[in-house]
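Shared between the two complexes below is chain A, which pairs with chain B and chain C, respectively.
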Partner chain A sequence: MQKEVVIKICMGTGGIAAGGKEVMQAFIEELKQQGIDATVEKHCSVHQVGCRGFCARDVLVDVIMNGEKTTYQFIKPDMVPRIVEEHIVGGVVVDEWAVKEDYHAFHEKQVKVVLADCGEIDPESIDSYIERGGYEALKRVLSEMSPEEVIKVIKDSGLRGRGGAGFPTGLKWEFARQKNSDTKYIICNADEGDPGAFMDRSIIEGNPHSVIEGMVIGAYAIGAKTGYVYIRAEYPLAVERLKIALAQAKEKKFLGENILGKDFSFEIKIKLGAGAFVCGEETALIASIEGRRGMPRAKPPFPVEKGLWGKPTVINNVETLANVPYIIRNGASWFAQYGTEKSKGTKVFALTGKVKNTGLIEVPMGISLREIIYDIGGGIEGDRRLKAVQTGGPSGGCIPESMIDISVDYESLQKVGSIVGSGGMVVMDETDCMVNIARYFLEFTQTESCGKCVPCRIGTKRLLEILTRITDGRGRPGDIDLLLILSEDIKAGSLCGLGQTAPNPVLSTIKYFRDEYEAHIHDKRCPAGVCKNLLTYTILEEFCKGCTMCARVCPAGAIVGEKKKPHRIVQEICIKCGACFETCKFKAIRKG
Partner chain B sequence: MITLLIDGKQVEVKEGTTILEAARQAEIYIPTLCDDPRLEPYGACRLCLVQVKGMPRLVTACTTPVAEGMEVQTSNEQIERIRKTIVELLLSDHPNDCMVCEKAGDCTLQELAYFYNLRENRFLGERRQYAQRDNNPFIERDMEKCVLCGKCVRVCEEVQAVAAIDIAYRGFNAKVTPPFEKDLNCEFCGQCISVCPTGALIGKLSIGRGRQKDIQKVDTICPYCGCGCNITLHVSRNEIIRVSSSPDNINEGWLCVKGRFGFKFVNSPDRLKKPLIKKNGKFEEVSWDEALDYVASKFREIKDRYGPDAIGGLSSARCTNEENYLFQKFIRATIGTNNVDHCARY
Partner chain C sequence: MEEKLNTILEEYHQQEGNLVFILQCLEKDFGYLPEDAIYWFSEQLDIPPAKFFGVATFYAQFHLKPRGENIITTCCGTACHVKGSERLINSLMKELQIPSGEDTTEDGKFTVERVNCVGACSIAPVVIINEKVYGKMTPDKLIKELKRLK
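And now, the complex of A and B:
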């Protein structure tokens, strides 16, 4: 009997960057060579799937034989022949390349709703989506439900905006439904811009139809005939897959005139963003679609009253929309079983930084930071000490280690000065300088400010300058108070969310790590040993064996000493590159 | 009508009025830099932030419409602190060369700095510096003095429908510029100058020709066409150095290139100040009486010899309606011909 073999290769942007395309090609060629040729295509197919989250282990390959799945990690094309020979032909799993316990631990505490089909289906095949229940929700909506009923389900589910602000989605739809206008719009905000956040990209790359289905359902609920997906031009693969998906959906009558033969028509246009972070702000996004400079305007009027071309407009984030089909399919109470009282469902986070397992994770709201870091993330790299977790990207704040048992939901994070945001989560350990972290985020918001309003345009620039001088060792007494005052004024005075939240990284790091600021300013010392100007490297005589390794790697020739005798660093010549510190096997070099 | 309370004062205004307009009607001062009642609200300078009871955040008075029963506070400790910070931030990125600035004495930023008594600056840091000059003939653009209020951009688009400039670049480097940083090449109506609150946009013709305090202002009517725009001549040392127009007049303060910049002829040495009659092959200055008598006698001569239809009259668009009426009356009734026309017909 012929064996049933399916090979799934991670082909998100992460997978492709790690060599997914080459691995896929290697499989196709190897299978052909081994005589498992095209005739057994049905039984042995190689196909691409979207992101499965664990990008740090790419290229990830699933080999499914007779229903039994083995996942391989870190696969390169030259490893393919052995997998084919031993596993597919020989039936023996190549154990050393297969994922271990920690891979499963990464997934164990996750609850996958929007990512459930990512990594399982072929994102370029609508049939693959339909096989797993895709477009069932749309069929049900159009045949059995009134727009009001759809809105009620979404309201009951407790779904809130996943773009950051957390506004109840059902309520937004209801407002738009109630507006009397012959033209309304629904916009999918795929202008994901937070540094390190890539959940929206992965959803579109891995399961574009879920977003489209969510949009069509949303359009039906509010009464829109036209929709836009505003997506970054820097996401070429996502754009490509979205285009393919739109064409397929149209062909199958899930989109276009008289959808599924009903009296409901809806079309989706793609608008590429030109790389401005601020265009993720809804009024700036609308201005950009209209062909104007992407600048926010004052609200009210809200887009739901006066949006695109002055018409009522609903703007939903990618993840929000991708949740919709699953909520309709499984019911509001199914969705609401996950999460806390006010934050329902799951949230996708981009877990990065100093954790062992980095990647995209989907967790139920209300999970603790500790579970995310230690159970899913596998703990801190090098088993160092956790210092803080930064959530919400440049608009968020740092949560110190002492608060690590906090529940991850909209309200709890806000209470401690951070936000859920779009889902960035950066884990920091004792080697991270909190002043430098604040400076990093300010550098980002400062360059991405549109420049319209004064507090944001000049205020964030001055915040950055003050932070830079502190990390450069030129901090002045009074700088902390100046940062605090300026931050408060920027928060209260800025026009849009960008400026209103830009000082959060500063405020939260001062709140929880004031001593680090003080050490920089008063003692001219960077406790984490990050800020170059405040660093000195010294050789501890008692540990130095005189092996000369450090002197050899020093690019500045700053290390002197005789063989087998303690060496010394000439501070005037030292450029503080840290090469000696990295090289020394005897821990004889002190940084600080 | 909508009734609201501003600083405890009951104010009644039309629906759709903004808080800022309502406050102005009630003679309550709210500082602004980017507001112009003739342009769409913009909300960029953030100076007009006010507290509205029940609203979680401060709101800009210029963009927020009034509502029945609204209670507005235009000033409190936080608001004043933010306003001061804003002005201080603006000054931290400004040349502050008021001693030589054309706008000194008529500059909103200078006024704000004065009222907030900003002698020191907590936020000194990098300042925008631009070496490039704009070589257009009329408008001096010193973008180091620009506060990005966007009024020039808006007037150019909303009023003039030209859109010759827009904001380019991001964040601290945001800058108002013509496309691709080229020299300005527009119709030079100069509306942008008229709305600029600082010395960022100045008429080139007036540079170095008189301080604001020395200027004598003379209200008159633009001589260029029948529109009759109200203009104000700015006179320094007995010469016109600038023309402006007040927003509360018939043309709402808007002028065209001719009205705003076409005043150099007044002091031109080539300008005729008395009539000339050619005598013995040479032009000689004569009195108005002599000149008019001479013209009248020549008209009569032609009319007697060839009949009235040998004479025709062509009037000018630069004349007022009244003057044009009188002209055709003169040709028809006095000369006795219907040969009368007007340049605007062609």
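And now, the complex of A and C:
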């Protein structure tokens, strides 16, 4: 029987935003004040842990007593005394606050490899990682394995790059290994720029040592002495935890000179990104580390031949590296048991948008989109109808509801015009306008285009202009064909992945939702009721009670009418902000 | 100012030395990139100012103009977008009376910025006020927070 009572509090970015720090403080104070340790004759310890995925339910708190774990959801500081009194002292679980079946359903179909220790260990304690087998893989690698053997294991496991492109990791390492050079580099790409993706942030926040261990093993395999983590400055908590982890790893001799007493030395430096999406591209990232404008260059030569400061360089994504220690520890065939023939292992997705359970999930490759949305995600918010799932961020596409049984792996998603990408998965329902979504992504890529290739720089601008005029109600016949032609030109004429994939959101929405484009252009109508200029708000007299709420919130003063009598919207003055629509308690305002 | 700049210069020489590093230090110390400071470094290092400005304008993190006392950053990632980040920005601009094309209030108290994604998509829409993350934001909640700062 466990002697301790362990309390774990989710302290990822999501947990902290929901008040995780305050909840933790409340536990510490409550336990101290009440002298609980003496009362229950057990030591009570409070730990912070990283993201356990279900951020929508934060603050999540685990109480582990007598080997039994109870998870509480939506915890606020003022709920803490009752949990301490009834559960920790009294031994009775506070049922009404504990998670219910739906919480377990969220986890049931998930397979956790990379996230196995996230949410379990204290990310700021190396001992916490070591207790769960951390750095075992590194020890084995350095004492028993040659670099070639390490590469073979990774190759056999079938691990492919989790940053989006899906290049086999073992192969990349092998190319770098074969290069003759006294200096080589390994870079961890933590420039997670895709809007709608946050797995890299969560992994570093929740288990930074797994990334470090993966990097050290990678460095040993390719023969690098220096590594860089290129991380977004927009992730302050991840940077902080990474710094702490690096210092701890160094102290324990997992990093630095003569690691674990062997003839192998390796150091890791942190480079902060300065906010440019294109720097996720390998050659742009290298330029940025070197202190220049992050503009991609033509490949070949690939970074494994000529990378950072002209030396052979391997660039791996955070999730890719975090997989490595687990593969070494458990073996290639253990990893390869998950997934499909060509896409092995698991993938972490950020499930967000109009789905009931939003959060970070890890699933075996090959799971169907339906299982993700309905079994894990719990279905669509408000039980509305699913319209599409956007995967792969600005480089990806929208998959329509009719294709929801598709297998989620690199090849299948590509076939339907989307990509796995870094793992963003935004669910959209019938109230989302697909033309607006395409416009949103083009606004993004147009701003983030580095400007080097003319088709990307000017082409995305023109795409955006056309999409803007369609959503503004000024679309012209022929615009759809123009979008298609322009898109193909941009794809063909751009150097890097940003330009080559920028038109994907346009192409996939035209392919599957052409009728929506046509409604905007020909009927001047937005079927989803999103595009402002195409909307009119009217008050349904039979429902209006004349409560005057709408007139009071209208910023333009466009609503007229006497108290307790039906009101009216003066269309010429209405700015279509929708404030009245949201305020009306009687559903008396029609949007359309 | 010169003292601060000298410290940065020293660190620059100890590091591998790159412009991004200098600009990040300036941004941290001053909250923006003072023009004089850039010309100072340009002279010290014999690197044309255009190089500095080239790098500075490439990255979203660098600002050539001073920013407000309070920084309000609205996340415009995909999840936040579909959950209404545009409405949050509109109500912010209206409440703070910032004219379109500008991002800072006249009295220099508030700056409203957009960020592509802060990676807190499961609590969208997200707003960061002076480095504190607020999830599931609504225009009402946002205006309440603003009033507290005013």
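Convention: the second predicted complex is superposed on the first by the 537 of 592 C-alpha atoms of A that agree within 3 Å, B and C clash if a C-alpha of one lies under 4 Å from a C-alpha of the other, contacts with A are read in each partner's own complex, and residues count from 1 in each chain.
What we mean here is this: a residue touches a chain if its C-beta (ideal position, glycine included) is under 8 Å from a C-beta of that chain, and two chains touch if they have at least 3 such contacts.
Every value quoted in this text rests on a predicted model; they were computed, and no experiment measured them.
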Touching partner for A:556 - first (chain B), second (chain C), both, neither: neither
Contacts of A:198 with chain B and chain C, given as first, second, both or neither: second
Which superposed partner A:450 touches (first chain B, second chain C, both, neither): both
Contact breadth on chain A, by residue count: chain C or chain B: C
Which of chain B and chain C A:247 touches, first, second, both or neither: neither
Contacts of A:573 with chain B and chain C, given as first, second, both or neither: neither
Touched partner set for A:459, first chain B, second chain C, both or neither: first
Which of chain B and chain C A:92 touches, first, second, both or neither: neither
Contacts of A:276 with chain B and chain C, given as first, second, both or neither: both
On chain A, the residue positions that both chain B and chain C contact, one per complex: 276, 293, 448, 450
For the chain B and chain A complex, residues of the former touching the latter: 41, 43-46, 49, 57-60, 63-64, 78, 81-82, 85-86, 89-90, 92-93, 122-123, 125-126, 147-148, 150, 166-167, 169-174
Parts of chain A lying in touch with chain C, wherever the complex brings them together: 13-14, 16-18, 55-56, 58, 192-198, 200-202, 233-236, 272-277, 288-294, 350-354, 358-360, 390, 393, 424, 426, 428, 432, 437, 440-441, 444, 448, 450, 555, 577-578
Residues on chain A engaged by chain B in the complex (per definition of touch): 276, 278, 293, 295, 297-298, 300, 446-455, 457-462, 465, 482, 485-486, 489, 492-495
Footprint of chain A on chain C - complex, ascending: 16-21, 23-24, 54-55, 58-62, 76-83, 87, 90, 94, 115-124, 126, 131-135
